[in-house]
Every structure is written in structure tokens, then in C-alpha cells.
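Quick heads-up: structures coming right below.
Next come two complexes built around chain A: one with chain B, the other with chain C.
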Partner chain A sequence: MIRLIKRPTPSRGWIVATPVLAVIVTMIAGGIMFALLGKDPFEAIRIIFLDPLFDDRFAAYSRPQLLVKAGPLILIAIGLSLGFRAGIWNIGAEGQYIIGAICGAGFGLAFYPSENVLIFPGMVMAGALGGWAWAMIPGILKTRFRTNEILVSLLLVYVAEAILASAATNWLRNPDGAGFPGSRNLSRHAGTANPELLANTGMHWGVVAAFIAVIAAYVLLNKHVLGYQIKLAGQAPRAARFAGVNPTRLVLLCLGVSGALAGMAGLFEVSGPAGQISIDFNVGYGFTAIIVAFLGRLHPVGILLAGLLMALTYIGGELAQLMMGIPASAIQAFQGMLLFFLLALDVLSNYQIKFGREAVT
Partner chain B sequence: MTKFTKLLATAAVAVGLALPAVAQEDPFQIGYVYVGPVGDYGWTWTHDQGRQAVEAAYGDRVETVYAENVPEGADAERVMTQMILGGADMILTTSFGYREATENVARQFPDVHFEHATGYLDDNSPSNVAVYSARFYEGRAVMGHIAGHMTESNIVGYIASYPIPEVIRGINSAFIHARQVNPDVEFRVVWAYTWFDPAVEADAAQALLDAGADVILQHTDSTAPMTVLAAAGAYGFGQASDMIQFAPAPRISSIMDQWGDYYVRRVGEAMDGTWAQSNTWEGIADGMVGIGEMTDAIPAEVRASATALRDAIAAGTYQPFTGPINRQDGSVWLAAGETADDLTLATLRFYVEGLTGDIPN
Partner chain C sequence: MIDPITLITALIATSTPILLAAIGELVVEKSGVLNLGVEGMMIIGAVCGFMVAVGTGSPWLGFVAGMAGATALSLVFAFLTQVLLSNQVATGLALTLFGLGLAALLGEPYAGIIPPPTSDVFPQAMHAIPVIGPILLSHDIIIYLSVALVAATWFVLKHTRVGLILRAVGENHDAAHALGYKVVRIRVLAIMFGGACAGLGGAYLSLVRVPSWTEGMTVGAGWIALAIVVFASWKPWRALIGAYLFGGIAALQLRLQAAEIGVPVALLDASPYLVTIIVLVVISSDRSRAALNAPAALGRVFHATS
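Coming up: the complex of A and B.
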């Protein structure tokens, strides 16, 4: 008989080992799925995990793309992880990402065609403020009226999408665009562009911001009293209150920071890789970042690695579609398996597995 | 080793060497970028039918690959680039939102041919990009004609996607031809803000039925409205694909996207070296817009008049936007006998007289 016994504290060894184990188990289960689809599982796994990094034809292009894809995921996930640690659940980063992009792009386009060097920093500020403001709606509703921030922040994503559609088809529409939806191209205009900083590296300001966020979050959580309060609030809310943590302040702070980072991610994306506000500008970074945050154990360095891994499965998954004709839905199922096995294997870090009968007391 | 096996081995080596020489006849590679899944039985499905037509027409001389569910923006750029790095000679991007991405990638790979669906060219468009679309409004005219005859409540519902010229054109065309045969008919338009979302489309259909509509046109791609119409005993029209599984009712006819001929022609030109940049807008006459079978649910004389209308459009003797037509505000758009030119149609952003409600801002 197998019994699970809760560990007094999570096993440190398993916390590090489970993500690795989850990746391996995903490869096995995914391989079986690919085999059932009639595709060579070894080739599929190789294409997904290795070809983007090492294949002669693709690697030179794919490696920088890894940063482009991982940048916004990491930036958003870092913000979310602070709240998640404190038990504050911002599920609406996608909406904050959209509003940040609209505010930032709107700020930049307001000065079009000026190429003043101050415009781009202004856009970053506007993007952060937009995301922050959008996150303050669930924040204030929660602290004032005790609404549930999970529901409010999630529902505001759909409001943001409606605003985005309106912006793309109407008030931010490119006046030279023949009536078609979509704003002017920001990345091809010097004043508003978020260019690649070093040629063929994929590094743009959003990636830089993501790295800075990782370091800042690490310092905050380990060296700053605020980081201590965040962790305490998550692990022992009552103790946190006795220790003088102000819950209202913490809620507003965590939601605000995650909103501002998501807004900045949106701005960096719209002014760089995406290039313009369009009807379907948002592609789910805000939701995928939730997976990245948990995959990375809510730890800054873990999130950095998880973001890169997630980006790898996207890019490698596309290659597998092109080279082997694996359906897109199978690739999504593969990504889903990764999260599923990670959460399932959490049991190992939180519980001990004992074999044999429980002693009668 | 006996002489015989040695001989065999030599033969095997010879065959092994010879085979690649035969395969040296490098197939022409074509990459399709799809915005939805190939199984949507709507927009993406019709393009995938076109891809299969290319394979059928050229056999071993071509090789096609495709990627599904590709988000519009940076991801599309990456998918296209990876296709080209994998050997693609021609790229077809089958959604308007890929415009910026298509042009960006086209600039980097001047030797690759690009075909962008429903887009437009401007002075900055690279010369290796062609655009193509179908004159769906011609099909809408026939659907409107039938709808005007079939409605008993004199209320026709219209499920619209986004307020863009393409969709507005379709509403105007359907309305003009419904009014021609039924002066009392009114249109109710619901904006779904999606191209494909079965739940939203079903809700829209229900809302239109509740508003008194008994015939509904849809400019969204799922079959969900058909299911709702079937339950209510109302009529509708197949969109993008034939949706023949709902015949003879609620689907009483359909407007079909047929890309096969165009794709076969353009791929052939690319292989011959005669491919050139072009802006193609074809309708019923060229077979890009198909009118699906009109079922027995439609009275015989209406079937005859609708067929005559279709044939007149195909023959070029009748243009669906022929004056006198006034704008919604009563001002003159087209004088008697005047027809709308392509530029006006391509950028159309107003309703014609008789339509109620506003185009959403």
C-alpha cells in the first residue's frame, strides 16, 4: 500500500528536481502521443527541443527569437509571481498587457511624426501607467468592496479586448491604411521604435527590462523587508497581520507592480516585434505567463528558465508543424502536459511516499 | 564475403548514390500560414482546400507545408522565416492581420514570392509581395436577393464580424438586393467582434431571432448559427464553406470561398518564373466566389431569379453597386446608372440609405 505523508516543509531537493522530471515525463507522454499520430516521436522531440538551438538551418535565427518570445513572458510572470506568493491572484495580466500597449502606442502616435528621443521613454511610462491603472480596478474593488480579484481581473481582459478592437478599427487606426484596421507601424518609425539593440541577438528593450525585473525581484524577495512581507502574507496571513503587514497596501502594491510590468511588456511588444496595434494584437502572453510563473516555482531565476523553456516549446513546436506536419493542437496538448506533470509531481515535494501499512496506534 | 554479396553491396551503393540524383529535382516548396485551425470548416479550411488543389495539380513538383493558429504579429514573422529557412520558395499568408509581418519578411528574402490574402499594397510594399482577395459582395448580393424573398417577418438578421470595409460592403450589398425585391425589408446587424467563435455566433443568432428575424446572414465562419436556426425553423446561408450538412434547411444556399484556381495559377507562374506583383480581386466570374446549391426550400421562381442575378454578375452585365444609391444620411452616393469604382468599394465605411443603426465606433 502506498501512503502519502505530508512533509513538514517542502523538500528542497524535489523542488529543484520536479521541473526537470516534469520535462522528461512530458517528453515520454508527448512522444507516445506523437507516435499515436503516426509521427516519429524521437524526431519530434528532437525538433522541438534541439533544432531551434542547434540545427544548422534554423539555430542562427531561432536562438535570438527565443529571447523575443521569452521576454514578455518573463516580464509579466515576474510581476505575477510577487502577488501569487502573497496570495493575491491577478489573472488579468492579458488585459493589463493590452491596455499598456494601447496607452503607450497612443502616447507615441500622438506625437507622430516627431522623432524626438524623449518619445520612447514617454511611451514606456505611459504603457506602465496604463497597465497599472487597469490593475488598480480589481485592486481598489478588492480593498474597498471586498470583491474577488480573480474574477474582476479576468473579466477585465474581455473589456480590454473590446477596447483594443475599437482602437484598431477606429481611434488608433492608420489614417493612411485605406480604411483597414490597425494602427500605424510603430517599429518602422524612428520616434516610436523599440529596435533590436544588437544585431541578430533578439535583444530589445523589453528583453532588457525582463532581465532587470528578474534581478530586482530577486533582490526584493531576499534582501528587502517588502519581500519578507510578501512571503509572510502568503504563508501565514494572520502572522503577517500581527507582524504589521498592511494587507490593503500589499494588495495594491502587488496588483500595481504586476499590472505595470504587464503594461510595459505590451508596450515593448507593440513598438517592437508586433509593430502595431491590431484587432488580435494580444496573443495570450498574459495567460501563458501564469504557467511560466508556476513552472518557475514563483522564483525569479526559475521564471527566467521557465520563460526560455516555454519559448522553446513554441518555436520548436512550430518547426515540428512545418517539418513533420504535426497539428498545432497536438503541440498545444504537449505544452499542456508540461504544466500538468509539473503540478502533479508537486506531490513529491510536499509529501513523502511511504510503502506498507500505516502502524496502528 | 562472397562475390555475390559484394556485387549486391556495390549495387546498393550505386542505387544509394543514384537516388539523391533523381531526387535532385528539388520540389518547389510552398508554405501556408493559417490564422485558424484547418478543421474550422470556414476561412482556414477553404484555404487549405486551395493548398490541396495545388498539390493535386502539380504532384511531386511541389511540396506544401502549413502552420495553423498562427497569431498575427511577431509570431507570424517567425513562422514565415522558419518556413523559408526550411526551404520554402513561396509563402501564402491567409489573413489580413499578417500584412506587416509579410512585408517585413519579404524585405529580408527578396527571392521568395509572397501572396497575402485580403491585404493591400502601398508605395512601400516590397515587389515580391502580391495581394489577393475575393469580391464576396457579389455573392452577398445573391444572398440578399434570396433573403428578401424568403423573409416573412420582413426582418433579416446579419451577424457581422468587425466594422471594416469588407464587412460593411457585404451588409450594403445584401441589403440593397433584399430591398430590390422586398421594399418592406429591414436589417438587424449584430457585431460579434470575432471571425470564429461558435458560442458568440450562436448567441448572436439567437439575439437576432428574438428580435424577430426569420432569415439570417452571417459573416462569421462557424456553423454554430446554423444549429440555432435549425432549432428555430429559420433560414440561413453557408459562409466560406458550403455548410451543405445543414441543407436543405436552415442552409438554403451559400457563399463559398474558392481559392484553388488562383493558387494553382500563381504557383505555376512562380515555378515558370513569370510571377509578378499583382493586386487581384476576383469574384463570381473567375470562380473565386462560389454560390452554393439553392435548395428546394426556396421557391422555384426565386431560385430562377437568383440564378439570373448570379449569371448577370458573372457575365459582367450587372454590378451590385449600381446607382441610384444614397448614403444612410440621404446624400447621393451613386447617381442613376453610375457604378462604384474599386477604390471606393475597398475603403467603404458607411451604410447605404435604409439601413438602420450605426456602424460601431
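Coming up: the complex of A and C.
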């Protein structure tokens, strides 16, 4: 007989250990999945997790990609983690990412072909505002009409995708593009580009913003009363109300911050690595960031590490696709599995496991 | 012009996958469990059903396989949330993310294949009866089954002992536990029922509604099913109305796009989702109704201390 006994507070040791354990278990389960696909599991795991960093043939290209891919994941996940801590579930970051990219790109293109240095900061502001506004829709509907923010934020992703399709094929289309869908290339125009800041590092303004967000979130959660209120609202909603936490303000703040960060991430992506607004420039970072937030235990430093790891699986996945013909979707399943194992193993941090029969008292 | 009779016929077919998923989720939520993985279970049902139907040539085996595949996935959710006591929101999201990835992986070799056709129930001659023929008699068995399922769910929840126990578990799991009901077992069964329904809906989508396999083909149907449960205030017949309302919008907007009237395509594409959001807002703004009908233990973790 196995019994679970709730710990008064989650075990600190297990909180750190479970993500590591979850990664190891996912590697084993992923290896089985690759074996079922008829691929050598050990080679696949090595190609995904080690070759992008250490293989001489690939490292020169792959290492900079680590920051390129981790930047948006970390930026979005930091925003999401604030809400998740307070029990506010913004799962539509993908939509806020798209709208932020469209608003920022639109701002930059409005001044084309000017190369004024103020244009790029303006684009970042516009991107953040766009994402913020898109997240305010579920925020206001939640605080004003008590509408479930999970469903509204998610459904708005599909609305954002419809707007993106129309922008790429219609009103943001490159007028010199011979009728092909897609906007002007932002990354190749000096006024709107988000360039690599240090050669061969992958560091662009989005990565800088991600690092700033990590530090800001750390300070907010540990030194500021607002961070305390966020944590309190998640752990003890009733106590939070007695302590004078304004739930309306908290919902709007958490959704607003996560929306603004996701919007900024979208703008950095579209003006840098992606280069232009196209129908499918978004590759699901908004959803993967949910996994990053949980894997990082909703803690800023954890999210930083989890974002780098998840970026590694993206790069390694591309490499495995190239080298072994492992389909790209296998990596998506792999990332989903990781979240499963993490949630399953969480039982160890929240409960003590006792074997044997309970003594009669 | 848009013919109302073909529109109604089309809306019934469009609504059925969502109706099936919604009725399953309604039972799950009535038992006090919030499973946000409907989208993932639907797409796994769609791909499993498609693979087996193409492999065996039988759409019926395909429907069974869709149900089985999604039920298997729902058991993962059941194990995590009921045995390992994980957070239901996070686990449901994981189910959706994992399901979308796994389905894309499994379905890769099946793109561009046409599945075996599903036969209609009534002979072709009966479809020709004016009005009633196309609207009521021109469908396949899954559509009739989905309506029968709504009736059965309503009857079981409202008029049987099983339904009473299920609702008791969903309203107050501690009280139900104290009365000797097996809370975890009942909830696992409800989750499996939800998985089977979502899987059947998914298989219907890939085998009849579309019919073909494309990656991510559910495009939010599972999330809309979740919204319809809220719209329905957890009442089966209202879920039917909600699903048909949504199907009506989806079918109508496709016809408006074909008619090329002066409405932007982006707005028409987004209209099913926008309408769902608006309906959610209207329902949730009525404080008394929303609060009265939601199962009281919805989404709460049950941990028996004795």
C-alpha cells in the first residue's frame, strides 16, 4: 500500500531535483520513441543534446542559435510565470506575440525608408503595446464580466492568426514584392533591423531584453511588495484578500506584463531572426514558453536555464531531422512529454510517499 | 444566395465533432475535473481513427480506434491528476501540447490520402424528400449517435442513481468520500468517457467532416468544446444548442467567403472564435446563473486523508 502525505511546505530539495529528473526520464522515454521510429536512440539523444554544442561541424552554427531561440522563450515565459504564480492563466501568448510583431513591424514600415535611430525603439514600444492590448482583452473580460481568461486568451490566438494572414497577404505586403505574400524585409533595412550585437553569439536586442526581464522578475518577486502579493494570491487567495490585495489590479497587471513581453518577443523575432511578417513566421514559441515556465519552476533563474534547454531541443531537433530524418513533430511530442514527466514527478515535492499500511490510531 | 436548407444540413455536420467533445467534457466537469486537454485528445482521435480506417478500409474500426486512442491519452491525464494529484490546468495543457506533437508525428505518412467513405443511414431516395430529407434523413450514423448521446447524458445525469453519484462527487468530493463513494474511481471513469467522446469527435473530423489528415486539423475545436460547456451551464441540451450555434456560424462564414461579399476574409475566418468569446462573456456576466450551475469542486484536487 502506497500512501501520499502532504508536506506542510513543498520540499526545497525536490523542487530543484524534479526538473533535472524529468529531463532524464524524458530522455529515456524519448529514446524509446526514437527506437520505435526505427532510429538509434543513443545517437538521437546525443545529436539533440550534445552535438549542437560540442560537435566541431555544427557548433559554429548551432551555438549562436541557442541564444536566438532561447531569447523569445525566456522573455515570454518570464511574463507567463508571474500570472501562473498568481493563478492567472494566460495561455494565449502566441496571439500576443503575433499582434506585437504586427504592431511593431507596422510602426517601422510606416517610416520606411527612413533610417532614423529612434525608429527601432519606437517599434519595440509598439510591439509591447500591441501585445499588452491583446492581453488586455481577456484581462478586462475577466475583471469586468468574470469570463474565463484561459479560454478567451487561447481563442484569441486563432483571431490573431487570421489577422496575421490578412497582414501578410494584404495590408502589410511588400509593395515591391511582385505580389508575393510577406512584408518588406525588416532585418535587411538599417532603420528597422534587430541585428546581432556581438558577432557569432546570436545576441540580439531580444536576448538583452530577456536577460533584463529575468533580473527584473527576480527583484520583483523577492524585493517588491507586488511580487509578494502575486505569490500570496496564488498560495492563499483568501488570505490575500484580507491582506488588501486588489484582485482586479493583479489580473490586469499579470496579463498586461505577460502580453507586453510576448509582444516584444514577437517584434524582436520579426525584425531579426524571422526577418519579415509572413503567414507562418510564428513557430509556436508562445506555447513552448508554457513548458519553459513550468520547467523553470516559475522562478526567474530556473526559467533562464529551462529556456536554454528548450532552445537546445529545438536546435538539436533540427539537427536530428537533418542527420537522421527524425520528423520535426517528434521534437514537439518530446517537449510535451517533458511537461508530463515534470508534472508527474512534482508529487515528490508536494507529498511524502509512505509505503506500508497506515497504523490504526 | 445562401440556401437555408443546405446551410442547416451543413451546420449539423460541422457541429458534430464539437458536440461530441463537449458532451464528454461536460460529464468530466460534472464529476469535478477540469480537463483542458480536449484539443489534444481530439487530434489523437483524429489521427488514430484515420490510420486505422485507411489501414483496414473500415471507417467503423476507425471510429473505434479514435475513441481508443483518445481514451488512452485521457488515462495519462487521469493518472497524473487523480493518482499523482497534479495541477489540472497544467496537466490539461500538457495533454494538448503532447497530443498535437504526437498526432503530427503519427500522421506524417498519411497526408494527402483519402479515407474510406462512411455510408449514410437512410437510402438515397429518402434524402430527396423536401426539407425533412436533407435536414433529418441525409446523415451518417455518428450524427444520430451524437444526438442520442446528448439525450442519454441528460437522462443519466438527471434521472439515475449513477448521475446523482457523479454530480455528488463533482459538487463536494469530501462529502461523497465520507458517504463511501470511490471519488477517484468515479472521476477516472468520467475522464475516460470524456476521452472516448473527444476521440470519436476527432475521428469524425478526419474521416467524415474534412475528410483527410492534415497536421493541426482540429484548429481549436477542442477549445471551443470547452467554451460550449460553459455556455451550456453544464446542461446537456444546451450543449447541443451551443454546438449547433457555433456550427451555424462556421458554416455560414464559409458560404459568405464563397459569395465574396464585402466583408474582410480575416473577419470571417475569425468569426467562429469571436462569436464564441462574445457568447462566453454574455453567459459569464450573468453572475447568478454562472455561479449556480458550475460544479462546486471543479478543478480542485481531491486528497483523501483517511
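We take it that the second predicted complex is superposed on the first by the 361 of 361 C-alpha atoms of A that agree within 3 Å, B and C clash if a C-alpha of one lies under 4 Å from a C-alpha of the other, contacts with A are read in each partner's own complex, and residues count from 1 in each chain.
The definition used in the following text is that a contact is a pair of C-beta atoms (placed from the backbone, for glycine too) under 8 Å apart; a residue touches a chain by one contact, two chains touch by 3 or more.
Note that the structure is predicted; figures quoted are calculated from it, not measured.
Look at chain A after the overlay: chain B and chain C clash there. With both structures placed on the common chain, the touch criterion links A:P181 to chain B but leaves chain C unconnected.
Judged by the touch definition given at the top, the superposed model places A:N148 against chain C, while chain B stays out of reach.
In the superposition on chain A, A:Y97 makes contact with neither chain B nor chain C. Shared-chain residue A:A165: touches chain B and chain C both. In the superposition on chain A, contact is made by A:V283 with chain B only, not with chain C. Put simply, of the chain C stretches 37-45, 109-117, 163-171 or 181-189, the part that bumps into chain B is 109-117.
Residue overlap on chain A between the chain B contacts of one complex and the chain C contacts of the other covers 162, 165-166, 327, 329. Residues 57-58, 61-62, 65, 68-69, 161-162, 165-166, 169-171, 176, 178-182, 185, 269, 272-276, 278-281, 283-284, 314-315, 318-319, 321-323, 325, 327-329 of chain A touch chain B in their complex. Put simply, chain A touches chain C in their complex at residues 4, 6, 37, 89, 91, 141, 144-148, 150-152, 154-159, 162-163, 165-166, 287, 290-291, 294, 327, 329-337, 339-340, 343-344, 346-347, 350-351. Contacts from chain B toward chain A in the complex involve residues 31, 37-38, 65-69, 71-75, 77-79, 81-83, 85-86, 96-97, 99-101, 104, 119-120, 122, 162-165, 193, 346-349, 360-361.
Within the complex, the chain C residues that touch chain A are 36, 76, 79-80, 84-87, 89-91, 93-95, 97-102, 104-105, 108, 215, 219-220, 223-224, 226-227, 230, 264-267, 269-270, 273-274, 276-277, 280-281, 284-285, 287, 290, 303.
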